[in-house]
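Encoded as structure tokens, here's the structure I'll be asking about.
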Amino acid sequence: MISFRDTTRHFPGPDGGFTAVDGIDLDVAEGEFTVLVGPSGCGKSTLLGIAAGLTEPSRGEVRVDGRPVRGPGPDRGMVFQQYALFPWLTVRGNVEFGLRTARVPRAERRRRAAHFIELVGLTEFADALPKTLSGGMRQRCAIARAYAADPRVLLMDEPFGALDSLTRSRLQEQLLEMWERERRTVLFVTHDVDEAVFLADRVVVMAARPGRIHRTVPIGLPRPRTAATRLTEAFTALRTDVWRAVHEQQPLNPPSTVPLER
Amino acid sequence: DGDRDRSVDFGYIADYNQAGLLAVARERGLWKEHGIRATYKVFTDGPTQITALGAGDLDFGTIGPGATWLPASGRATVVAVNQLGRADRVVALPGRGIDRIADLKGKRVAVPEGTSGDMILGLALDRAGLSRDDVRIVPMAPATAVAALASRQVDAAALWYPLLATVEKRVPGLVRLAESADFAAEFAFPSSFVAAPGAVDKNRELVEDVVRVLQKANDFRYANPEKTVAITAGFLRLDRDAVAADARNTQPLSTAELVAAGRDGTVARWFTALQGFFVRNGKLDAPVPVEKFYAGDLYTRAAAR
Amino acid sequence: MPRAAATGASRRPRGLRARGPVTAARLTGAVSLAAGIGLWQLAAALGTAGVPGPGPVAARAAELLADGTLVTDAVVSVRRVLTGFLLGTAAAIPVGALMGWYPVARALLEPWVQFFRVIPPLAIIPLTIVLLGIDEPAKITVIFLAAFLSSVVSVFQGVVAVDRTLVDAARVLGARDPGIFVRVVVPATVPFLFVGARVGLGAAWSTLVAAELIAAQQGLGYRMQQAQLYYDLETIFVGIVSIGALGLLMDRLLITAERRATVWQERRAV
Amino acid sequence: MPRAAATGASRRPRGLRARGPVTAARLTGAVSLAAGIGLWQLAAALGTAGVPGPGPVAARAAELLADGTLVTDAVVSVRRVLTGFLLGTAAAIPVGALMGWYPVARALLEPWVQFFRVIPPLAIIPLTIVLLGIDEPAKITVIFLAAFLSSVVSVFQGVVAVDRTLVDAARVLGARDPGIFVRVVVPATVPFLFVGARVGLGAAWSTLVAAELIAAQQGLGYRMQQAQLYYDLETIFVGIVSIGALGLLMDRLLITAERRATVWQERRAV
Amino acid sequence: MISFRDTTRHFPGPDGGFTAVDGIDLDVAEGEFTVLVGPSGCGKSTLLGIAAGLTEPSRGEVRVDGRPVRGPGPDRGMVFQQYALFPWLTVRGNVEFGLRTARVPRAERRRRAAHFIELVGLTEFADALPKTLSGGMRQRCAIARAYAADPRVLLMDEPFGALDSLTRSRLQEQLLEMWERERRTVLFVTHDVDEAVFLADRVVVMAARPGRIHRTVPIGLPRPRTAATRLTEAFTALRTDVWRAVHEQQPLNPPSTVPLER
């Protein structure tokens, strides 16, 4: 259970600085799958960082299981938007990182790392360094690393953003399957409305300047969800609903005001 | 513990003047004869040896005349005079119009400050009626002064052998303006063996034995100059000719002569004259009675054994 | 894990949360200084043979200040060090960059840089005199060499470590070698450049005594040598403290400059 | 714009395309060496007062090799430099990291590091003798200090420059300070660590002569000082060349180690 | 006009190394808008890098306007998958970079930079450093930088990958508008099938291991295309066609073989 209470993050600077998120109140229930969507720069990553304990809110607080967050911990795993792979470690080394800190014995560590590397389709690249991986491969490595650490809460920042549709839908289904089996709490950021609706119990649509909650859309679709779910009318209706919630916001620059010729 | 008590650490500088006696003492087994285990440690200058004496890392050291103000200011005790130096010269480059000391007026003179070379320059200027302000003194470390003179970056220098020998090789016809011998009447340049202050009182017997060894080596050197050169060259791993050239610029005295010089106050005169120089330089506040830092009776007693 | 963050971007060390990190740093600095002087006093009081305490050294410093020697010496030495340091690092930037950028330049120059870098300055003094005389150029050259040779390695390593994709991005935007160098390599290498400058500054100062062996008439290094001849430990300590303080001051200036030059860096701590 | 790439990842310098870059580098190195010796010979032939040419220096080296002096001196000096260097850099890593990581440690330690970094080794020799005597510990301490003080800056700066998101990633994966230090900060700082080590090595060697002023009985620096008493330039040059060559060799070893340790870096050039 | 002829890129390494792209033959006509899609790691970025002149092919070659590519040049602009912003420059500084190399006078430079910064909605952040930008804002900055340099050929590597759907569709429309007006040659990588069909004259579907061309789908949709285009049946049909071409490929690991429990 994650609860944000009046969570605000202000970055000091000239002109009074910048308020990235302002007075967020949000409860993510134990085992709930919550998806954050919203325009670029509306504070989604900032919010995840606060939940992870990497950023301190300027005002308000976040509690996880009733205890205020004081810093990061292995109970809250995170997939970073910029991957944040350790460039000096191979794919395997990256995936094993959290297992080492948890002092998982070597053989078990190997086994679990191999499992998650296979899950994201990088088995053949287990010994490759990040610099030799393509963008999507790096992202998959970051996902495997977060899964392997086996956190109770998963904070995922656009984890499938760099993946082709095939790999993407496969990883979505895998994630749902794992979640349904183990009922972790998931806070998931995406800009893909389809993905949001397909995965979520509830989609939280954010608005920008300052970052705040615009609307919350409960997704009542039955589980387990499969490829067929995407073809149902309920799915399409919810998709349109979320799409509207995102699109009805004040655009950053109304396109009409920008002349295209130079 | 008697064994440990009879081992001594001896500091020296690696040239003929200051290493000769130690080389002889080892070569001729004089230390063994007196049941002393002596370890030699080489230094590049006197003051560092005095620092080491003070820190207890060294029992005896070897200093040149320029460092004599250190014992005079209570930082060490002279236990024996080694010999007199005659190596110092004031020289000028040929072709710079310098033939006499008086011609140095306004010229650049490289001087390692506080050394016997510096003293000779001061005496020579005095005698010519010049003050230090009349010439452009360029203070430099000895090796640096050699480089400066050899590469003709200065007009003149106050230096000594063997350093000057190298300059002569590169600059033939160096003009000799003044030398130690010119001032023998007023000034002598004794190098000495020193011990930590208080060592003489604490360890009288051992110090006396050490002095006795030095005296025996001294008499050998006095009697066998050529052999001494050979032994020293071997000890220092230097070219024998270079060491022989060095030896020509020293004036050895027999132990008997040194004892006599101590009795009749000659040694005291040498040291007093040096102190005058140090006072003028500001190294010493005031001259001190020589017996305060020169253990002359110990030298005499040792010679009598 | 405590982290201070001037940007306020992240958690601050707990103990210092109330006061700003700058004040806290000042305070700790003062404590550290006091502790250092206390230790020194203690060492002197315990009579560690011949170490003069802060008192006598301060007295000696007052004397030297009163008769103007200390100020003159400091001015002369700072001028030498600054000149040598500035020339040295100025030369190190293009040479290090060239070595980092062009493999041929590297193969040609690097062995010599490495070779001369390990040569003790004391050893090259006679050579310097022979080639350059005994006046300021010779002294400054010794300092220049020390500063140049120690900072060039940092510059070189910095250039080698420049992120390839940034260079690629500049190329695609039409930049050619000189432009890439000035507009990408130099800014990307800034952290290394400052390591280089700071190391170079240290090298410049610590070569001062050696440089002033060359017929100096004035200067802190010269004064210390004289004092050594006279076994005047108070004056040596005045010299050490002056050099240390001046070096520290110049280093602070470099750090401030660096802070300015690298605001763009995603820093972990202040 | 020429770039060599051992990984084959990018364009190679045009002129060297046919041969491999390694052979090319060797070749250029040999050319560079020959040019250097040629220049030296020329300088000597032009009679630049007192510079002995390669011939006489080689002859003197042969003599010193024959009687064993050179080998003994080299062994003794290498032992001193290596000990001082290894201790110095070993100490610099934790101290620099502490300073880079904890603002309090930084505020406490940094001024002292900077202070002592600029103190000329020559100036602290009397103090070293007073405090540590005249035996090996004193000599090694002088070298240790030089190596430590010059490499600690690099380590420190490297730790400050560690990418924050990597530290964050490690924290989220449950790592605590010691783990983050060993498993993130150290590897991320490797390029800086090697700058530090190389600068430290240079400092260690170039302090050798100063260290061997402290009653050394053997060693390359000692031999050079003795040669200075007799102004024996051939021997001084043998010393310079030996120190340079040994320093270069040790530096090469460091570079090889670095190459191994940083394969993960996205490098621009070889 | 870009033509790849037998273009192959092999990375040497243990086990014989890795062939990223193998024998690619592809012609992109003057003024054509070509989109590359394909599974993660199939060599799309590698191909773009070769066209840009940043990577040398191990075999074969690339010609632009008949001249073999010898290195990068300002005629071929690129949006990098990892953005590659200069971290020491502000948004404006980054956007002006190419204009400076082209020695555009200061006033004109400012004006053009301001125009493109507004186009991507970053006007308020013109003086912000990259480290203070969100993921999507960084990506928009990279786009503005490439546009501002005004290249004849645009190589874009998943340029809209990190953007929310609103910003994304707006930038898609802007890109098309600009392209229709100025008829640049565009080679565009995406993993979003909708985006590919919406933008392209022709979609090239790649296959992995080794990277090669699997199928080419000409997109005959009329231009100018607008939001309405997305609702036509022709669009849906082409979308399905491309989707199939992507999905019918051999999957990296058939999901059935990966047990999900640990």
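Letters A, B, C, D and E mark the chains as written, and numbering starts fresh at 1 in each.
Please note the rule applied: a residue touches a chain if its C-beta (ideal position, glycine included) is under 8 Å from a C-beta of that chain, and two chains touch if they have at least 3 such contacts.
Just so you know, these numbers come straight off a predicted model, no measurement behind them.
K.L.:
Between chain B and chain E, how many steps is the shortest route if every step has to go to a touching chain?
P.N.:
2
K.L.:
Common contacts of chain B and chain D?
P.N.:
Under the touch definition, chain B and chain D have C as mutual neighbours.
K.L.:
Compute the shortest path length in steps from chain A to chain E over the network of touching chains.
P.N.:
Minimum number of steps from chain A to chain E: 1.
K.L.:
Please indicate which chain is farthest from chain E, where distance is taken between mean Cα coordinates of the chains.
P.N.:
It is B whose centre lies farthest from that of chain E.
K.L.:
Could you state the distance in Å from the CA-based centre of chain A to that of chain C?
P.N.:
Measuring from centre to centre gives 46 Å for this pair.
K.L.:
Counting in whole Å, what is the centre-to-centre distance of chain A and chain B, each centre being its mean C-alpha position?
P.N.:
Distance between chain centres, rounded to whole Å: 83 Å.
K.L.:
Centre to centre, by mean C-alpha position, how many angstrom separate chain B and chain C?
P.N.:
Result: the chain centres lie 40 Å from each other.
K.L.:
Can you tell me which residues of chain C touch two or more of the remaining chains?
P.N.:
1, 10, 49-50, 126-127, 130-131, 165, 171, 176, 228, 265-266
K.L.:
Which residues of chain E are in contact with two or more other chains?
P.N.:
Residues 11, 54, 71, 82 of chain E touch two or more partner chains.
K.L.:
Give the residues of chain B that touch two or more other chains, as numbers and ranges in rising order.
P.N.:
Those would be 51, 54-56, 143, 146-147, 150-151.
K.L.:
Sort out for me which residues of chain E touch chain C in the complex.
P.N.:
Contacts found on chain E: 52-54, 71-74, 76-78, 80, 82, 84-89, 97-98, 100-102, 129-131, 145, 149.
K.L.:
Can you list the chain B residues touching chain D in their complex?
P.N.:
The touching residues are 11, 13-15, 41-44, 48, 51-52, 54-58, 142-143, 146-147, 150-152, 162-163, 166-167, 170, 237-238, 242.
K.L.:
State the interface residues of chain D toward chain C in the complex, per the touch definition above.
P.N.:
Interface residues on chain D, with respect to chain C: 1-4, 10, 13, 15-16, 21, 24-29, 31-33, 36, 48-51, 100-104, 106-109, 111-112, 114-124, 126-127, 130-131, 146, 149-150, 153-154, 157, 159-165, 167, 171, 176-177, 180, 191-192, 194-195, 198-199, 201-203, 205-210, 221, 224, 228, 231, 233, 236, 239-240, 243-248, 251-252, 265-270.
K.L.:
So in the complex, which bits of chain C are touching chain E?
P.N.:
165-166, 168-176, 179, 183-184, 187-188, 190, 262-266
K.L.:
What part of chain E is in contact with chain A in the complex they form?
P.N.:
So the residues of chain E touching chain A come out as 11, 18, 37-41, 44-45, 81-82, 112, 115, 118-119, 121, 123, 132-137, 139-140, 157-158, 161-168, 170, 173-174, 177-178, 181, 191-193, 243, 246-247, 249, 251-253, 255, 258-262.
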